[in-house]
Each structure stands twice: as C-alpha cells, then as structure tokens.
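Order of writing sets the chain letters: A, B and C. Residues in each chain are counted from 1.
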C-alpha cells in the first residue's frame, strides 16, 4: 500500500506507439499522481484510445515504458494487473453469458473475495441488479456499458481507465455515472477520454489535450478554465 | 500453485459452460465427423485382414478433423466475443490461459470421442471399447490438443486463420498420429499384449513434451 | 562489398563448372543404372545441405525470442527460404533418380517422409510471415513456428523409423553408394558437394543481408521521422 504514495500512480516515460501507417503516440511524457483524475481530450485520431490501451497494458508501446505505481506493467508479473481496471470500446463481455456469469468469471480471475456479495453490491451501484440474469446479447447498448463498468471495478482497482464511458448513454445514465465517479470512486486514480467535455469536466482535476500531430499538453482544471475564459474574451 | 490450478480450471470451466449454453461446436463437429466416418466406412472395401488397420486409420483421421475444428472454434469464439485483450488484462499467467484452453479442448474432444468410438465399434465390428484403447486415445488426444491449441492461438491472429491452422497443425501432429494409429491397431489385435505399455509410454512422453514446449512458447504468442 | 560478392560468385562459378565437368564427363557411367545415376551427384549434396536450415532456424528462433534483435529473425527467414529451395530441388532430383532406380517416383520411407514434412514446415513458416501484418508479431510467430517445425521434422523422422518399418525398405538409403571406391566418383561427389555448399552459404548470407537491410531502412526511416518531428516543433 505504501507504494501507492511513493511513486506516481501512472508514469509514461517517452512513450511512442507507431503503427505501419500512422503514429498514434509520439514521445509522450506524462505523470499522473495518485488520486488525480485526468480527462483526455482531442479530435478523432489523436491517440486517446491508444493511450488508454497502452497504459492499461493491452498494447505494447513501440518505445518507452509505462509504470503503474512504479512497476513496468509490460515486463512484470501479470499479478500487477490487479491494480488496473480498464473499460475500452469493447466491453469484454461474453455475449452468451448472463451479466452475473460474466462478473463471476472475471471476479474469480481477479481473486475478488466473496464474489457473489460483491456482484450484488456493484450491480446495485449501477442499477443493473434486475438485469443480472439476462444474457448480455439481449441487453441494450447502455446497459451493456453499465455492466462493462461493473466488470471494470469489480476487483476494486486503484487505477481506473475508461475509454469514452459516456458514449451512447442517456441523460439518466450519464448522471448516474457522474455520481459514481464522483462519490464511490473518489480516492481512485482515474483516466478517462470523452468527447462530451461539459459532462466530464466537473469530474476531473486535470486535462490532457492530444492533437493529431501527436502533441500532448497536460494542464490542471483551473488552467483549462482560464485558457477558455481568455479565448471567450 | 493452488491459485495457478484454480485459474486454469476457471478458464476451462468458462469455456465448457459457454459451449453448454450454445452447443454450437459439439453439434457441427459431431455431424461432420460422423458423416466422414460413415463415408469412409462405405468407401473402403472390406477385407478381414485389413480391418484393424483400416479402423485405426479412419478413427484417427476423424479425431484429427474433430480436433482441428474444436481448437479453431474455441479461439474464434474467444476472439470474437472478448478478444484476446479481455484475457490479457486479467492477472493470469499466460501459460495458465494456455493450459485452461487445452483442458477445455481436451474435454470437448473426449466427449466427441466417447460418441465416436461406440459408433465405430458397431460400424466396423471391432472391439474398440477396451481400457487399453481408451488409454491410448486419451494420451494421444492430449498431445494433439496441446499442439492444436498453440497453433490455433497463433492462426487466429493472422489474416487467414482457416488456411494457417491446417498448414501448421497437420504436419505437427504426424508423429503422434503415427504412434496412435500403430498402438490402436496393435491393441485391436487380440494376439498382441506384450508391448502395449511401451506404446502408451511413448505416447505419454510425446504428449508431455508437446505440452511443455507449447506452454512455454504460448507466452510469446500472446505477448502484447 | 561488391568485390567480395564478385569473388564469391566467381568461385562458385568455377566450382560449379568443375562439378558439372566431373559429373558429366569424367565419372564413368554406372553399370546398372546408366546415365540417370549422374543426377545423384547433385541430389546428395542438395539433400544433405537441406538438413542444415532446420538447425539454424531452431537456434536463431530461440535467440530471437530471448534477445529480440531483428538480425536473428533475418537469418531464420533466409535459412527457411534457402531451405525451401534446396528441399524442393532435393525432392525433385531424388524423385527423378528414384524412378529408374527403384521403379517408383515416391515411397514413404522415413527419410523421404521427413523431407516432405520439412518442406511443409518451411511452407508454413513462409505463409505465416506473409499473413501476419505487424512486423513484431510476424517475427514472434515465425520464431514459434520455426522452433516447433524443426523439432517436428526430427520427431517425424524418429516416428517414421519406429512406426513405418512395416513395409520393407526398397533401398538401404540414399546415402549408400555402390562403386564408392572409384576415385573419379569420389572426386565427383566431393567437388559437387563443395560447389553446392558454396552456393548454399552464399545464398543464405546474401538473403540475410537483404532482410537486414530492409529492417535497417525501416529503422532509419523512423529516425528521420523523429528528426523531422523535432525540428518542426522547435
């Protein structure tokens, strides 16, 4: 536990990700402290999803190192992946299983103690308790997203990575998600991407702006507001 | 160690439950393999001397085709539903994922074999339902499935999965199939007996070697 | 570099010419088999040298997976390419030799079976390279296929020896040679072997350099992109 405060929660050390046809990330150097909440914004193709996937250990960077609480996640024991909870565009749910079966499976793999109780707890949080015994293929997009969120935090990770968690959600669900992020996940380190800046801004402490020319600018929320007020006037 | 085995079983159990839910794989594989068995049975002219050889050959051919289909389906479903990233993000050692897949593939194949063997017994009129044949089949199936699982994991990642898997899989399982056909043929022959333990031992050794090598190499197959 | 290449090619030319002269003119015609025996002098070196690439691929693939330096991948790749060529030629020349000698184009004896499987393994290796888009994955997958394939070739040989000796072999094996005492024949085999060995070595080295150069161009391109990026952002 002390490691949490000794190192930054997330450290990207000269991280680049190049694909054959394009460069998604280039020489990215950012540090995210424990408890910080970072909103990553930028136009399509600026590398937001790639960044989430790279930090989450799903994609190996072409160059550079990602450290979560001081540990290089790509080189270390898979055990360290317990500290991360990630939600990408694909919710990682088995279509033919029910919500409960999906959560049970991932809960077991993540060594969650008292899985069935924990499932009830987070299903309550995302108000999907009544949907738990329905097959995922029969759930609406919004409900799948909520189930995906439940899967993301079932093991109580310290670092939570969310790639456009708000896309396709109705107003009610957006409010619910905002509440969850604001209250239940208060002490966690969160990185999220979103196109809906108005919704996301009140939830975060810092903003990372990516551009299609692989530029990255990390500023605090206050600086972001002042920048925007300057622009308005 | 206990956690490791639990993780292996969690993955296998998930595969089995998924298949029990949909029954996609079992039905299609059984239909094709039984059809193949019947067709070959009709096509091969019957001569008493060759019956043991023909039976052994046809059975193992069918098992080979079934293995190919089973390992392919397993990874295709995994890929299409949650993608490999879904398993990579879990705090599970990569070889545990491999072993988990091998166990579930093995169970699927054993179920198929348990239908195939009685059927062949009837069609070919040969004494297939003996403990010896069961032991041979079990050992050889482990080896075939171990190799197939690794190659399926690689093939699913390429642009032409249906082509890659046969090209890699079939040459690789030739040694173990040769051994299995030989052993089965000998086991069917009532005047045999002496060397059967040796045969089973060789199969066991081969299968063990295949699993060990494949488990290590699997780590490199899902590196990202 | 160019001079080295030219010297090497010159040597190969001389060796080949000598070999051909020996094979077709100097060596006495075989009493039993006639002129068709002569293809044996080409077949044997081809076949023997075909057994070297699996060893190279096995070692370099392991080295690649452990060290991850692209030169091992390049060497493995070239070995497979040359191996495929030599194995194809060995199978074809062997078949041509077999027809008048044994009366059949093909037989399933252990050595031939192993060569055929080796051929399939090479094919699988090159196929997986062409069907995998990302360079990193491509190298990793080829390494895995290379390791398993070379072990498998050995296993197939042992398996065939153990379980396919039901059918009696028609020959002792292609390495056996009657009339081996005649000095002209010995010289013929030796020179032929040297010539084909030189060709083998040269082709592998040449292909490896080619693949390495392609890798280097890729990384140079990356470095230039980096530089351009840095300059344009100053």
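Here is the rule we use: contacts are C-beta pairs under 8 Å (C-beta built on N, C-alpha and C of every residue); 3 or more make two chains touch, one makes a residue touch a chain.
Since this is a predicted model, take the numbers as computed values, not measurements.
J.: Give me the ID of the chain with the smallest distance between its Cα centroid and the all-protein Cα centroid.
T.: Answer for the innermost chain: B.
J.: With centres defined by CA atoms only, which chain is the most remote from chain C?
T.: Looking at centroid distances, A is the chain farthest away.
J.: So what's the Cα centroid distance for chain B and chain C, whole Å?
T.: 32
J.: Just how far, in Å, is the C-alpha centre of chain C from the one of chain A?
T.: 51
J.: For chain A and chain B, what's the span in angstrom between their mean Cα positions?
T.: Chain A and chain B have C-alpha centres separated by 39 Å.
J.: Out of chain A, which residues touch more than one other chain, so two or more?
T.: 60
J.: Going by the contact rule already set, what residues in chain B reach two or more other chains?
T.: Each of 223-224 in chain B touches at least two other chains.
J.: What are the residue numbers in chain C that touch two or more other chains?
T.: In chain C, residues 133 touch at least two other chains, as defined above.
J.: Give every residue of chain B touching chain A within the complex, in rising order.
T.: 3, 6-7, 10-11, 14, 17-18, 21-22, 81-83, 85-86, 88-94, 223-224
J.: Quick check: in the complex, which residue numbers of chain B touch chain C?
T.: 147, 150, 154, 157-160, 163-164, 167-168, 170-172, 174-176, 178-179, 181-182, 202, 206, 213-214, 217, 220-221, 223-224
J.: Using the touch definition up top, name the residues of chain C that touch chain B in the complex.
T.: On the chain C side, the touching residues are 65, 117, 120-121, 123-124, 127-128, 131-133, 137, 140-141, 143-145, 147-149, 151-152, 155-156, 158-160, 162-164.
J.: Across the complex, what residues on chain A touch chain B?
T.: Listed in rising order, the residues of chain A that touch chain B are 53, 56-60, 77-82, 84, 86, 88, 90, 92-97, 101, 105-106, 108-111.
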